[in-house]
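Both complexes shown next keep chain A, but they swap its partner, so chain B is in the first and chain C is in the second.
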Partner chain A sequence: MELQAVLMAAGGGSRMMDLTYNTPKPLLPVGNRPLIWYPLNLLERVGFEEVIVITTKEVQKALSTDQRLKTDVKLRLDVVCIQEEADMGTADALRHIQQKIKTDILVVSCDLITDVALHEVVDLFRAHSATLSILMSKVHEFTETVPGQKGKKKAGEQRDFVGVDVTGKRLLFMANEADLDEGLVLRKSIMRKHPRMLIKTGLLDGHLYCLKRSVVDFLVHNKCVTSIRGELVPYLVRKQFSKSLNSQNATEDSEKNQKQQDAHHNLELLSTSKDEALLQLARERSCWNDHRGDMSEAYHGGKLRCYVHIMEEGMCYRVNTLAAYIEANRVVPKLFEDPPIHPAAVVSERSLVGSDSIIGPLCQISDKTSIKRSNVGTSTTIKEKVKITNSIIMNGVTIEEGCNIQGSVICNNAVIGRGADIKYCLVGSGQHVEPEAERTNEVIVGSDQLMEI
Partner chain B sequence: MKSITCYLFNSEFQTIYRVTFHFSHQALLPLANVSMIDYTLEFLTSTGVQETFVFCCWMASKIKEHLQKSKWCRPTSPNVVHVITSDLYRSLGDVLRDVDTKALVRSDFLLVYGDVVSNIDISQALQEHKQRRNMDKNVSVMTMIVKESPPGHKTRCEDDDIIIAMDGKSKRILHYQRAQALKRLHFPMNIFHSGSDEFEIRFDLLDCHISICSPQVAELFTDNFDYQTKNDFVRGLLVNEEILGNQIHMHVTKDGYGARVSNLLMYDTVSSDTIRRWVYPITPEANFADQEGQSCTHSRHNVYRETGVSLGHGSQMEENVLIGRNTMIGANCTISNTVIGANCVIGDNVTLDRAYIWNRVHIADDVKVKQSVICDNVEVKHRVVLNEQCVLAYNVVVGPDITLPEGTVLSMHHPDEEDDEDDDEFLSDDNDVGYRKDKTKQKGINGDTMFPGLVLNADPESDSESEVSEGSHDLGSHPASPELDDVKVFQNEVHGTLQRGLDENISCDNLVLEINSLKYAYNISLKEVMQILIRVVLEFPFHQQGAQISTAQYSSHLLPLLKKWAPVFKNYVKRPQDQLDCLASMEGVFLERETHWAALVKVLMSMYQLEILEEEGIMHWFNQGSTTDKSQQLRRNQGLLKFIQWLQEAEESSEGDE
Partner chain C sequence: MADSDGRQVVSINHSTEEDVKLQEVVQAKCEGKELTKEEKQRLRKEKKQHKKNKKDDRGPPEKEKEKEKASVLAPSKPATQSPAHKAAPVPVNASASESPVAAEKPAKSKAEQRAERRARQDTERASKQGKKEGGQQSASSKPKATPNELQPVVKRLPEHIQVDDPAALKKLAKKLERQQVPLRSDYGYKVSLFSHLHQYSRKNPPTQQISIPATVIHPSIVRLGLQYSQGIIAGSNARSVALLHAFKQVIQDYSTPPNEELSRDLVNKLSPYISFLSQCRPLSASMGNAIKYIKKEISNIPSQCKEEEAKRRLQECIDSYINEKIILASEAISKYAIEKISDGDVILVYGCSSLVNHILCEAFEKQRKFRVIVVDSRPRLEGREALRRLVKKGIRCTYVLISALSYILPEVSKVFLGAHALLANGYVMSRVGTSQIALVAKAYNVPVLVCCETYKFCERVQTDSFESNELDDPDDLIVTRNGKTHLENWQTVKSLGLLNLVYDVTPPDFVDLVITDLGMIPCTSVPVVLRVKNVDQ
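Coming up: the complex of A and B.
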């Protein structure tokens, strides 16, 4: 076994609370499948047989009961539960399961939907004996209107600056705009080694990492690192060019220092483990080099290397905001060859269901109803003369007669009263929209949910 | 294509050139036996330039004279060359402001430094520039031509390291900075707000100093009278981009050769590249300057010979050798990677490697030259060895039988003198060689500090180290201060004070007071005061009694003086370090006067007895590893050894007493 897969599925979806307040993020339906299915499928496609899933109790229960997941996913799931209240970061989670980790690991986030050729990322990891390789993609512009959002949302989020070398593979620099108040600062020694650096913004981090086994050991020794993306990755990227790996805070007491040194020692160990001597020999004997120009050895003698695969084409979404969720729902159905209308759905012959829509199992769709460019989830009942366009209807929703629903997201078990007119709204789980209501551009959620925020 | 105009002038007035090559303008220096200006003009002509303005300030008449004789001023020349001279052209800014005033250009023009050697094809860059100008009038004012050459490339020299941030797609320059002394490179955030999502930060570029400029460039220089150099201009435009809306683009070329001969390191590099044919079609045998008698043959291993070359029996031209016309080479010479000018005479058993020998040079037998420049009319006498990075300027005579250490610069022209007088030409022939050696030696030391040009730093990380180690061994004898003037004047003043003190019998306290006030007047450090004081006192007898006095006379004069002025010394020599400095200074004085070494012991003894120096200090100084042969020799002096032995015994016995 070369790589162990770890799926991080304990995130709360804090950036789209309206959707996730009573449906855990991994279970949100995207194209009538739970979100978690997509990364599992990605792993299965490339031949993983087992995956460690880190998640919450709630999701674990759903995983064991969800029929569709059971039949679709052949992977052996090794589910590890963590407490929701513990507020664990991704790095904490890795520390939590360190006993299970025997080899290098592939960490995937549960909100990743992509058709990437995963071997590209892993090949970089293998070819350069890298410590870290990650997946990034060009950001897709979201075109759909997002419910409850006033006006076109500007790129308010701060950009990530990613620096790669001339091949576009070696990861040299990584910082968020927010941390660059003083301007972008690079050491000249880095520029001397990599005289041509491409700085890219507008990249989406896929939160998919290949990590050396020893990085987990490093995490075990450095309890202060809590998040992979926030702390570990930037640390590793920086460490590529630091001369001595033994730099520590003078203020810390000696015991801790000792520990840190151990950790650093481990970090160096990572490259000297088992085959390293052979690899070294191979590099010495070979005329291959990773750079041109000066005559120094390959990688300039650096032992720690980070790589990135940037997808130029193809699909890559991270479903962590409402906009991304809507976009993913639009795009995903095109990927599958499933029949748009599930065989177990009851669809009246006198209704009109566009070929760009999908209908989940056990749905009832009555006469004179038209559905265009929409996804309709499991066990949803749609009465007569309803018009649905550009919308996402989740599971167990009831839509009474004569409703007009446009560009909206209706969450699980909501009931839409007769003749309601809903445009660009988000209707929260279990909400009732009164008959004849006219709502535009609103987020309709329960008061308890509001309190929670 | 409309007429493109170019400007040549001596770049930024580099002091190195001025000092060393006093008799010639940089543009007229021979590079592979052809004047540098001809390379630049040839490059311009080959790019299709039809009219060239040559701007010069210094040595303008010589440049004019050269151009009038050259092919550029023949009626058939495709490139009309105008020479415009003025004493006021002190920088690129001055020149371009003048261009604007005289309205010399109405369309795009090419701006080139007078020391560019290049064969870059700029047609594509021109096209891109035009396209940009057509699309957006008056926005893109300049296209810089840069060559891809990663760090460590030969044509890069540390001084010219630049870091450029550019827009990945439009090739617009967002940030331009000289990176020479920087450890960290800093990019302001606003350059990343240009709406692009891909930026390139490049450290692998060499600015060829060839720029395609629109006429606004001249106007902008007029508007901003504080712009002096191109660097000012580029930086200024980038900073004010949002206000003025002017942009600078660049064109990166991968092949082609472009380099600027801005210092001797580059001179070495470009010369050897020319001979190795990297600047093809500009090669030595092409005789592109079309001068009579310049034609030469090109044979295997890049050996070029002009007409009338004679080579003695057993001499070998190994590779990359260019020999000028009517040069005679003796027997059993080994010549490699070398350029020799016209009408030189080279003796037997001479070894030349990476030597650049100009015209009419005489080299006697058994001379060895490594990586050095030898200018016109130099005479190198037999068994002289020139180590790496030596320069012999015009008309110097060296030897016989001396070895010049690395990095020595010998010139007949003192660096501090103004360079507009020509009369020091006459200094040369009447003086005896011994005197000249003495004079030139001093200059060698000055050269160390101001002449880093020929030093190739193989490992950039260790810059500082190498510099320190190079200069250090001379520090003791000569305070290496940039303000040589002040130090010298100070020295004279101290001498005057002491003389007066002697004549008028002034008390030591008052002498100290006077010296201290002098110290402040000339801003001299305490260490230097002490060193100069020692020097002045030790040389005092020479000044009083003439330089020819015997050692015995010398000591008999000096010792009473030492006794008399002991309080003055004591005032300055307090800490152990002071003693060491004092001793080093003494050593320096005596090293210059080998005949009086015997007096050193007496001086030391006297100083010891006067309690100015302590035994620890003397022992420390004596045991200190000496760097030069001569000072080692000094330490082997019989009298000194005896004194030291005596000191040691005295020390032991005093320890025994306790």
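Coming up: the complex of A and C.
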């Protein structure tokens, strides 16, 4: 087998706690499907037949009971549960399932919604025998107003600096602004090998990684690495140009940094096979070089290579903030040819449902309601004379008569009292908004949520 | 046979004929078999013309069907089996059958009409006889017709040089569908002289339609195909070594299904992989020979051999093939070639040939004093890589583009060329531009030495670069200077075609010596080597 898919669905959604304190992030409805459906659909479309899903018990229950997931997803899901309290990083999770991993892996995050041609990422991984291959996309500006946001968005924080070579495929440098103390530090060895480097900042990391099997074994030996994105990827990118990996006498190094050397050896030796001599011969006889201008052979003789595929066009969203969640809800329904009004929904004839809205199954929409540019989830009851614009209504919500909801997000099982006027608000899970309330730009959550902090 | 002839004689006698025909028939009676064969041939020709007159509007597809029916029942093997054999007779055949038709049409004398009527009667008689004999005659008459008329062994034309023929394309599509290999579509306008060849674009990789954990095709073959199509593995030797490496992994991961024999099943497993690789990039002659060798080795595995033992044996075979034919061969060739390099030589090389680079590096290590002129050409600019390797070794080099060839040749004392394949008629198939180098060198009386291992010798015959070649991605020819790309929208200009040829053939008159691992031979001795090789195997 060539690749095994691993879906990381245990994350908490720490940047949108208002949405996720009751519903786990993988089950948040986007376009009336649970968020986890999108990466599963991507994997199924390209031809995967089974996926290892690392998640919590709650999500596992939903995966086996949710009607939509069961019928639409034909993949075989191998669900591995981890304790929510264990606070495992993604790399820890990989270490946890090390026994199941037999080949190279494709790690996907559950909050990735994209229509990328996955073979672009995997082809880089295959053709160059890369250790790491990642997906990045140009960041789209979010145009929708985010409820509960006070003041302008603080841009420029937590930027990613990504350095690529002239071809735009080889990943030379990766650092997050948070990790840099004073300035960007570039090693001379990188500049000597790749004198022309393009540094890009407006990129969104898709959290889709192709990793070689030896990296998983490396993780097992180095228990200090907890997060793939935060620690492993920058480490691998740095190690491409590390002296000890490239020099011939790596095996003769002394005891200083013995542990680190062992780690490096593990990374290298495990990737060599018996037929390495033949591959070496083929490469020597081939008249190809990935760069020109200096006297070194292809790849500068380095065994560790990291590649990146940057999506110029197409859709790529990571639903990890409220703004991204809203944007995704806006864009996603246009992709899939589901009927906008689910056949199981009961929509009264005297109501007005706009063409860019979607209604989930088992809904009840009463007379004289108007729904424009909104997503209405499953089992929602909407009474008469309600006006809903630009909003996201999740599952099991009850909206009484005469309400006016604009630009808001109403979470699961909330109840909006009669005559309420809600503008740009976020109503948390299970909350009750009293009748005749007028809320603008607020986040309405329960008191127990406040206690958690 | 005699019966029909006898009846023929009778019918001729009945119809009032010219004396010529009578005389011929009398001769036929006397002289026995030879002339009767000619009679038969003539009759068959007339039959064919008759058919042509009838089904004139169907035209080419009919011809194709005849061609394919006429082929020997050989398993489809990639390009190595003399497509040129077929290509030469086929146009001759076509023109031969067409010219009499054209000639006859305006002048349909009574004699011709009678001949046609006779031919029709004979076909009916022949078909009746054929039904009696189990239909063998009619079937064998067709394949016999072409060989009797045109001597050579009839082989099927490979699909990759029949791209402009819709019937052949359909056949290829069906075969690929059966093997579950994705069909790669052609790209861009093809220059009409080369419209019978495939032209692919690097932007449409062959992996677009393959599922991501590749299941139908082994992952190492998918990787290999990608590396071929992107040019990461380029050069005849490199491609063969990489192919054999991938096959080793395939054999390693192979497990015999129940009720199957390894010797037969493994060969069947390899066919879709080979189709996939030829979709990525047309197979080279050396790859074809390597595949033939492996298939022979696999089918020679005795059936009582256990799977592990068989796999081990195959891996050893592959290792020994690479060792003998590539590594040791290059050692032997450099030994011979070094004899030809004297101190003070100025050697000209073209492009990046792994063998020639190896020879020059060895010669330098053996303390020969020489300098090298590297000639390069667009769009591949492989000479830069050759230059890098030679300079890294310490050899003094000069670098020119091929347009400066005639200016630099007066300085040159020898020309060393690498080869992609050596054809059976002594022609050298190599990177495009090689024939120019050989031509100009001949004009300046500079000796041209071609270095080629024997495993690259192939039984094909080709005298021009049109019949079988490879068309590379035309977008490679587009160059961006000062931010401006003039050819960016070349597809919108209807009368503009970009041609990016990969190979060309050099006639043996321009080549003075071929250095192989069997020794230094003249170009015309290639068929001898092939014969000796076949006897050995």
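We take it that the second predicted complex is superposed on the first by the 428 of 453 C-alpha atoms of A that agree within 3 Å, B and C clash if a C-alpha of one lies under 4 Å from a C-alpha of the other, contacts with A are read in each partner's own complex, and residues count from 1 in each chain.
Note that contacts are C-beta pairs under 8 Å (C-beta built on N, C-alpha and C of every residue); 3 or more make two chains touch, one makes a residue touch a chain.
Keep in mind that this is a model prediction, so the values were computed, not measured.
Asker: Check chain A with both chain B and chain C modelled on it and let me know: fit or clash.
Answerer: fit
Asker: Given the touch rule stated above, what does A:292 touch, chain B (first), chain C (second), both, or neither?
Answerer: In the superposition, A:292 contacts both chain B and chain C.
Asker: Just to be sure I read the superposition right, which of the two partners does A:195 touch: chain B = first, chain C = second, or both, or neither?
Answerer: Only chain B is touched by A:195; chain C is not.
Asker: Would you sort A:322 into first (chain B), second (chain C), both or neither based on which partner it touches?
Answerer: neither
Asker: Looking at the overlay, what does A:405 touch: chain B (first), chain C (second), both, or neither?
Answerer: So A:405 meets neither chain B nor chain C here.
Asker: If you stack the two complexes on chain A, which partner ends up touching A:48: first (chain B), second (chain C), both, or neither?
Answerer: Only chain C is touched by A:48; chain B is not.
Asker: Based on the superposed arrangement, let me know which partner A:3 touches: chain B (first), chain C (second), both, or neither?
Answerer: In the superposed model, A:3 contacts chain C only, not chain B.
Asker: Could you say whether A:279 touches chain B, chain C, both of them, or neither, answering first, second, both or neither?
Answerer: second
Asker: Looking at A:127 after the superposition, I want to know if it touches chain B, chain C, both of them or none. Which is it: first, second, both, neither?
Answerer: The answer is second: A:127 touches chain C but not chain B.
Asker: Superposed on chain A, how close does chain B come to chain C by Cα atoms? Whole Å, please.
Answerer: Taking the overlay as described at the top, chain B lies 5 Å from chain C at its nearest C-alpha.
Asker: Which parts of chain A are in contact with chain B and also with chain C?
Answerer: Shared contact residues on chain A (touching chain B in one complex, chain C in the other): 292, 295.
Asker: Once bound in the complex, which stretches of chain A touch chain C?
Answerer: 1-5, 46-49, 106, 117-119, 122-123, 126-129, 275, 278-279, 281-289, 292, 295
Asker: Which residues of chain A touch chain B in their complex?
Answerer: Going by the criterion above, the answer is residues 161, 163, 177, 180-189, 191-192, 195-202, 292-295.
Asker: Given the complex with chain A, which residues does chain B contribute to the contact?
Answerer: Touching chain A: residues 150-153, 163, 165, 168, 179, 182-189, 192, 197-204, 460-461 of chain B.
Asker: Quick one: which bits of chain C touch chain A in the complex? Just the residue numbers, please.
Answerer: Touching chain A: residues 205, 207-208, 210-215, 219, 222-223, 226-227, 230-235, 237-239, 241-242, 244-245, 248-249, 322, 327, 351-352, 354, 382, 384-386, 388, 391-392 of chain C.
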